[in-house]
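Read through the structures below before going on.
Two complexes are shown next, each including chain A; its partner changes from chain B in the first to chain C in the second.
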Partner chain A sequence: MNTVCALASVVIKELYRRKDFYVLFVMTALITLIMGSVTFFNDPKIARYLKEICLLLVWVSGLVIAIGTTARQIPAERENRTIFPLLAKPVTRGQVVIGKFAGCWFACGLALVIFYLFFGVISGTREGKWPLVQYFQAFWLQYAMVGVVVALVLLGSVLFAAPSSNATICFIVVVGILLLGRHLNQVALNQTEPLRTMVYAIYFLIPHLEWYDVRDFVIYDQGTIGWIDCFLATLYAAVYVALLLFATWLAFRRKPLNV
Partner chain B sequence: MDTILEIKNLRVEFKAQSSGQAKKVAVDDLNLKVYAGEVFGFLGPNGAGKTTTMNVLLGFVNATGGEAFLFGVNVREPIARQRIGYLPELTYYYKFLTAEELLRFYAKLFRIPSAETESRIQHLLKLVELDHARKRPIKTYSKGMQQRVGLAQALINDPDLLILDEPTSGLDPLGRMKVREIIQRLKNEGKTVFFSSHELGEVETVCDRVAIINQGQLKVEGRVADLVEEHQANLEMIFLKIIGYQAQSAARLSSEPPLVTNRKAEVRQTALQP
Partner chain C sequence: MSRIFNPALILVLLCGAAFGLATVVQPRAQTWDKRGNSANVLNLVLGDSRRLFANHFFVKADVSFHSGYYPSIFDQAKPSKDSRHMTSEEGSSEAEEHERKMNFLGSPRDWVEAFGRHFFITKHTHLESGNEREILPWLKLSAELDPQRIDTYIVASYWLRNRLGKLSEAEQFLREGLRNNPKSYELLYEMGCLYKENYHDQVRARHVWELALRRWHEQELDKKDPDLIGLEKIVIHLARLEEDSANWDRAITYLEEALKSSPNPDLLRQQIADLKAKHAGKTSQDGPRDE
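And now, the complex of A and B:
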């Protein structure tokens, strides 16, 4: 655990010493504030649009931070050759994988907390309401989804040669799942065999990240989600994280350390 | 004398790059012992198998055959690396960390208590003369400073065995001298040092014993003084003779067309003579 924490602390330091997070946060804040200062057609429900834009930016920024930070972790260790002094210590490759995951996930969590605090303040001041439980659930579910994304990108970082190609592929896969994941079973119904079985297989194999997108609940004040549902969603994400990390370890275990 | 490092019949093969090629044998039936308190030079031309041997010792590469032990523990066990320090060749440490943060990170991996970590950081940064730059990010360091911070990280656990892969590679004469002084100081403290280098003068100065390998095979092993006496030449000449440089160059010269001027031929012949 000590080793994992030490590895994770380096990743967190890297996140707050790089400019990526600050740029994304300033961009989100600026766009939200500019949109908030404009009144379209004297619409009293303008706060909803503001919340929608802000949450969309939080989601996009969250994904960019998660994918960008994770994609470079193991390749950078190999490229800069820091993997050699690291593994020359009593550290296993499994601990490196878990440490990198923990660091990236925790760092993304910190970034999400700041984004949600900003969102809460903006929507609270505009609407005069503070549905904290709803915000917490939205944050927690997004955080659980980010865990799956981080594990997926970590696997990609040991399979693909370049961090940029890994980041691009993972971004397309994640956005694809978020947009099309829930429709794949309907797509399968309209196909002929063997394509139908293949699409169904993909539908059941992919992590359904779209389940964690509860922005509509927050935007349209649809109340809170059942805690049991939240727990089951967290469990579902944890299973996928465990499977993806296991696959990462299997791939990394025999990987040559030289670039 | 205690055996600190032992290699028994080590063989490392790498897969062929393409289907038509044969497997590449990087290390072939290597046997080696390093004893406590020794400074041991591991020499060979580029591609001889030095780094591969070190990679096996550090658990980065699995041996195809044979075994290697550190302190009597098989190198396949991570615990074998608890008492070693390793300095790889040309490493670019985490740029966003300062020297003391880097050392604190590596100390955590060894579970060194905080109070002891701080005193070791203090001592090591003084030893490698980076005390003045301890709070500066590593990205601002020169190449020599990066190599010295690497040496400090290799010493953070107060290791009994140091494995250094070309520690003076790419350094200027002053940087090389500083690294050599540190190795000398570690030797005086009774540490065992196993290092590879192409700086044969430096090896001759600091090493008690050397081994020369070529094409993965051990060619010679012994005390530096004994080898010098036996061959009546300095270590560089012994090295060139053992790797077959003279024979190769003579054969190449005889097959080459004559040089343009006699003067150039004289210069070339003179340069090749021992």
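And now, the complex of A and C:
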């Protein structure tokens, strides 16, 4: 456990030493504040467009940070040859995988906390309402989804040759699931066999990341989601994280470390 | 020879040629597309693709109006192309039709879909009690990107004047629309409604509606499929206005024009008969007095 924590703390330190998070946060804040300074039809109470823009930026930034941070972890260790002293500690390859995952996930969590604090302040001051439970649910579900994304990118980093190709492929897959995942069953029903079965199989196999996007509940003040549903969604994400990390370990276990 | 091909001289020559071409082409380019005349930065950056974005923002306003409950391109019930449901009153035929169309979800096909429905909005509601203001930014953006989209001005004006009590803002926005679309009878009709229903200024309303009717005749009369609903709205409102002012003849003329387009001609015929009876009664009452 100590080994995993030590590995994770290195990743977290890397996040605050690199400029990615700061650039994305400043960009999000700047765009939101500029949009917030515009008044439409002399009505200062209009707020939902601002919440929508800010949450969209939070989601984009969250994904960029998660994928960008995770994609370079294992390849960087191999390129710099720091993986050899690390494994000689002794640290097992399984611990490396779990440590890297934990570090990236916690680092993304820290970034998300700051993003959501900013969102909460902007939204609260504009609307005069503080639906903290709603914000917490939105944060938690996004955080759970980021966990799956981090595990997926970690698997990609042992399968693909370069971090750039891994990041690009993972970004396309994640955005594809977010946009189309919910509708794949409808698409399948409009196909002929054997395509129908194939699309339906993909529909059941992919992690349904779109469940975790509950921005509409926050933007349109539609109340909270049931806690049992939140718990089940978290469990679903945990199962996918475990599966993906296990697959990563299987692929990493026999992978030659020389570049 | 090397002196002739001096790079600095070539650069100066190229700059001169570019400047000369710009002075010739630029004034012509401005006349190529009337929609491209705006000095707006968004128009400059996005070019013609701004109309796609304008459409996207208009749909966004509709999504916002439904608090996120909206059919996607995969849902069988396609979102309505027209925007009448956005300005229809509760209980009207448009509202009922819209209610039917928005029942697009059906029962879930599998457990993934059933569980997933806990995480997106599945209830059909419309914004109310002042929250209608939330659609306005999207409409404003849509109008900025495509000033020729008439629906944008009409929907925004409807909510501004009827639910939000922002009459001067509604008038200003409609005027902006009319500046961009000076021949639009729809915008003139909406402007007339603002004068009649909100400012209670019958004279200006009459002038604007009469102009709207003229514009309708200029643009729609020769069309294969004219906008008869638009015509009916204008003439019915004009007829009511004339009836209120006891101009029976003109009211009857307008109602007779509405007969051409009305889906309910029997009702109109009855109203015309009533007006004629009123007119006859009035004339007979006035007759002895004149004597």
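Everything that follows uses one rule, which is that the second predicted complex is superposed on the first by the 256 of 259 C-alpha atoms of A that agree within 3 Å, B and C clash if a C-alpha of one lies under 4 Å from a C-alpha of the other, contacts with A are read in each partner's own complex, and residues count from 1 in each chain.
Just so we're on the same page, a residue touches a chain if its C-beta (ideal position, glycine included) is under 8 Å from a C-beta of that chain, and two chains touch if they have at least 3 such contacts.
Note that this is a predicted model, so its numbers are computed, not measured.
Asks: In the superposed arrangement, which partner chain does A:F119 touch: chain B (first), chain C (second), both, or neither?
Replies: In the superposition, A:F119 contacts neither chain B nor chain C.
Asks: Using the superposition on chain A described above, determine whether A:Y143 touches chain B (first), chain C (second), both, or neither.
Replies: neither
Asks: Would you sort A:Y240 into first (chain B), second (chain C), both or neither based on which partner it touches?
Replies: So A:Y240 meets neither chain B nor chain C here.
Asks: Could you say whether A:W105 touches chain B, chain C, both of them, or neither, answering first, second, both or neither?
Replies: After superposing on A, A:W105 lies clear of both chain B and chain C.
Asks: By the touch definition at the top of the document, which applies to A:Q222: first (chain B), second (chain C), both, or neither?
Replies: second
Asks: In the superposed arrangement, does A:H183 touch chain B (first), chain C (second), both or neither?
Replies: In the superposition, A:H183 contacts chain C only.
Asks: In the three-chain superposition, say which chain, chain B or chain C, touches more residues of chain A.
Replies: Looking at chain A, the partner in contact with more of its residues is C.
Asks: Once chain A of both complexes is superposed, is A:W249 in touch with chain B (first), chain C (second), both, or neither?
Replies: Once the two structures are laid over each other on A, A:W249 reaches no partner at all.
Asks: Return the residues of chain A at which the contacts from chain B and from chain C coincide.
Replies: none
Asks: Using the touch definition up top, name the residues of chain A that touch chain B in the complex.
Replies: 2-3, 5-6, 9-10, 13-14, 17-18, 80-82, 84-92, 256-257
Asks: Quick one: in the complex, what on chain A touches chain C?
Replies: Within the complex, chain A contacts chain C at residues 38, 40-43, 45-49, 141, 182-183, 185-187, 189, 203-204, 208, 210-214, 216-217, 219-222, 225-226, 229, 232-233.
Asks: Residue numbers of chain B touching chain A in their complex, please.
Replies: Chain B reaches chain A through residues 55, 58-61, 78-79, 81-82, 84, 86-88, 90-94, 96-97, 101, 105-106, 108-111, 150, 153-154, 157, 163.
Asks: Per the contact definition, I'd like the list of chain C residues that touch chain A in the complex.
Replies: The contact residues of chain C facing chain A are 64, 67-68, 72, 74-75, 109-110, 112-113, 115-116, 118-121, 123, 133-134, 136-138, 140, 156, 160, 164, 166, 169, 173.
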